[in-house]
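Next up: some structures, all given as structure tokens.
There are two complexes below, and they share chain A, which is joined by chain B in the first and by chain C in the second.
For the complex of A and B:
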């Protein structure tokens, strides 16, 4: 259910770099009890393990901190997901904030994906250290990103919208030599 | 190429390559360095020396080269000075030039300096040119700089790309000689992630220069090929030739610079020239080898006088004879290996002059067996020749130490070896300790400060089999420390295994040498034995002082060939042991690194992220002029029809005052504070009382630091009992968020409240002016915009253009105002819709400059402009915001400090110039009497100053001591053109009753 009025940053799609569709995003914050209730209401187990993402159907929950999770759902799920979470968490201290438009998402994909990301990300992205399902807030050069390995050769980047042009530009700069 | 050997070497003789040096066309082969190709063409003379302009030749075959610095030129912009010819790989069409000579290398005007040289000893510049002080800049420095200096940097922007890469590994091996290869093989076999880097184009190190050695029963070249193949086939191994480990930083963070295109005749335009690798290694193995020392004797700098190992490398690896008739001066058995290999290459060995009293090592025995002419107990009294060595004068050292001349040999090359110095640079950079190894005669790595270990020549282990075994042991130890199982192994190797030890220091000379000649310790900085002696005579004892006084070891080669010799000389003449003299510090980079590779991809438009708001493209299309606010681009003003800034700002301001304007306020920081204790949290955090704020209402908040000074401000709206929408200044967003999180995590864990940044969730359009309501009424649904339903500082939710709207009735202009918050993806659409709807009212987009004027007309402060980090709320005139009954808030105690309550503090006031046309300078000093002689105490300064179109005069705000008590007084603003009289007034210049905001 794409909204024709939405105008996210215009960035060209390449085989290895694709903007992902608009999504519903919430930042959930709260304790263990709230996380449990939220898991049931959202339909995805909120990871208790640091820097891990869980996926169920088209929804995902990414561990960002001991009391902070990024919940992602399809764009059209916003109202229903919000209502379900509010109902389940009514009597439990927590915070849910809609940040659907705060950030945009990109997929970096292909055999050189890890290499491209390592051009700007100082973490160790080797599959032995950053396996599929791992996610974290980190940096790509001078911009903060949330990085999530969704497949052996696939990463999802969540970037605050005004930093997206910079991150994409830098990824393209680093990719130049691969196409040379 | 008259000096090529008949066969052999690692050059490809089927691929001839042409290049030019100083305009001369020459030929070389693929696999040559510039140095090996020049030598094959009989060219030794490549440079003039730094201080005395003496002719200089190629000394070495590697990174330690002190003399052969050249400029390589691809085009006007690609022009790289100070490259070591020994490291420049030949490519077809390469253009290289010598440096530091004018008008030509063979006839150098500066060489007259040489005649004056008795008058320019060490410390000469310090002594002579320091007086009179003023003369240094004007008189002495310019010509000295012109005559000295190294190559010339290009003036054009660097057109090349530079890449960077972060990489992690279990084991980083630095140096791919025998020890490094063995270490990498061992660690890789254990399953570790390995990086093996080497500064040369080919992996192999000293193995590349072996003539007929064997490893594990295989010829060395065969073993090398298979070792590299094994490593290359392992997906966990990354091989990085042409890559210098230049710096060792804390926590095993090592900087590598990979040269990607410098060796290519026509690099692809998309290829980066260099890549900076930032390695984070669990374990490090340093196998950096050892560097041969020159011997110190008069005339040791004449072109054609070279290191013995270099002569051997040129013969064996590059198929190049460094001369036809060689005299070998042996201060180490390594010289004998060179003599044997040169003889095998067809060079006549005129003499092997050993400077020691005897030798019976395997290399010396082999040379003796080969019938080479050997003598012992020699010294060198001098060399002859002008631009190239033509002979060598030897002397004998008697048992009592006296020196008498003995024999003179004609020759066209002199090969010397003073023994080898372990390359401990990286170990030392990593803060590892060094220890003097008496048996080896050098400093070797001792206790490490990082997870690192050294192996092979760089820790004083020599002999091929021993070096391979030492490397394997280090590789196994590193792999084991990184969590893998490895045990190491031994290697069988057959080679000459010459002893590489020697004796550092200067060769013995007669008490009064005739004729006097210079013996060089540091070739690149032209430091002689006499300079070292002079420094000691003048009372310098510490090697750190002697280094700085003589500049020995301070050239771009960092004394790779000279360091230990200088130490040994100081030790000998002060009757100390070398380790008692001490050691100077090794610093990064090991060899020079380009600025480009440090800059990497951060250049031009991509130097920093450029954050753009939803109206950005719209503003660009309308000629908006931007300013940088932090990383944000904000429209400063929208000129129409060739307006200048003043005209545009006047027009924009009047539109807001008289009708309606629109402004992109999206950059304001926004934080959503949620939880049952949200109000209590804000009570503690901001000075204001938030408990009394009803849902659906907003309030202006002030944030202090602990010390009581104003830190940030912004409007905070209560969206629900447990939910607040906090705004911060554009520049303060990140630090206010960080400060909140800090307090929540460390101080106020009792509170049930969480924060989330929503800065980029919302696009914000400020619609300000008497017609603002009329414009929004056309677009907004679900909200009663009437003053009764939505008064000043009220909030409501509804829709605009069919998308969700959070509407704040707020004003930073003093007019009726609204801030339209919509989810950011709708920002551009809503901006354009408001602009279209406002046409009938003449809606005028305005920028930050007009916004500043409008708020200054109302006396609204900007934190960071009207406050400077030393202003209390009372100083800034906003003490009314403080919740007086609150038990505590950040800064409450700070505000009670005596200095913050003392009389006479600077207070924010308005200033009106007596002449309304005069606009004051922001930052100008305020004084309380005119035209007094300097120095004269200031009583304040101007914080904001503008031309106000609405008021038809200039306005200003200033921080003035006792300002509010001076209302109506005339004071002065001190300016170079004369003091400007101003009247102290209220900072609220426009609509002081605030009637316009409540309509």
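For the complex of A and C:
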């Protein structure tokens, strides 16, 4: 573990930025029957509505595509969640890929959060167009991100770990304008 | 910025999308029986339409799905988008803007 490239990217917390703890993440693919079984097994209703996230306790399910969902759970839930999903979906065609370590998560928060993200994201992030509970894959400048508005002034970003430094760096660059 | 209506996600910025070439080109039903000429046409020959053109697009940085669109190649106006597998809608008169 001495190779620094193998370490997760270090994200320093700031007034507008908070790194989130490591998490269990699965990409679920499957039809309506599989989604129903997965909802029961995972304990979160997998959203049927495009670009919406559902939360139950410490777990969440994010709609990424018509047959694709991102399931998030606390890091310690990995084994139990995987076993429960495997048992419930045994006889239903589906795919579940563990991507826990593919991406890292952090929060952009505070009164400037929307402005900071808008600096690099082409979507309209006004609350009327991107309300609390909305989530989607999109881009931040040149990097693909998954963006989820968890509160009026709080966004969760899920980013492939090798892109994280770039995205945080560009957010910092944008934040310089706030101090000027 | 040009907005493209993804049939799954709604209107989204152009740069989330990737172009996928001409739509509704069916692979030979029995590939082993297709002649060299049929393969050539399937693989390489495409229309170069001036006006309304049916083409494939992929919401690559969104839901990831391929879908089809009718676009006016002279104005870059997207007349209509529809899910892959659906029939090509009839051309609309008011399409070009």
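What we mean here is this: the second predicted complex is superposed on the first by the 173 of 180 C-alpha atoms of A that agree within 3 Å, B and C clash if a C-alpha of one lies under 4 Å from a C-alpha of the other, contacts with A are read in each partner's own complex, and residues count from 1 in each chain.
We adopt the following convention: contacts are C-beta pairs under 8 Å (C-beta built on N, C-alpha and C of every residue); 3 or more make two chains touch, one makes a residue touch a chain.
Quantities reported herein were computed from a predicted structural model and do not represent experimental measurements.
Shared-chain residue A:153: touches no atom of chain B or chain C.
Touch criterion not met for A:45: it reaches neither chain B nor chain C.
In the superposition on chain A, contact of A:112 is made with neither chain B nor chain C. When both complexes are overlaid on chain A, the residue A:122 reaches chain B and chain C alike. Once chain A of one complex is fitted onto chain A of the other, the partner contacts of A:22 are limited to chain B, with no touch recorded for chain C. Once the two complexes are laid over each other on the shared chain, residue contacts for A:75 go to neither chain B nor chain C.
When both complexes are overlaid on chain A, the residue A:139 reaches chain C alone and has no touch with chain B. Once the two complexes are laid over each other on the shared chain, residue contacts for A:64 go to chain C alone; chain B is not touched. 68, 122-123 are the residues of chain A that lie in the contact sets of both chain B and chain C, per the superposition on chain A. The touching residues of chain B, counted against chain A in their complex, run 161, 163-168, 193, 268-272, 278, 280, 601-602, 605-606, 608-614, 631-632, 672, 674-676, 752-762, 801-803, 823-829.
On the chain A side of its complex with chain B, the touching residues are 3, 5-8, 22, 27, 29-30, 67-68, 93-103, 115, 118-124, 126, 128-129, 141-143, 160-163, 165-167, 169-170, 173-174, 176-177, 179-180. Across the interface of their complex, chain A is touched by residues 1, 8-10, 12-13, 15-16, 61-65 of chain C.
On the side of chain A, the complex with chain C involves touching residues 50-51, 64-66, 68, 122-123, 136-139, 144.
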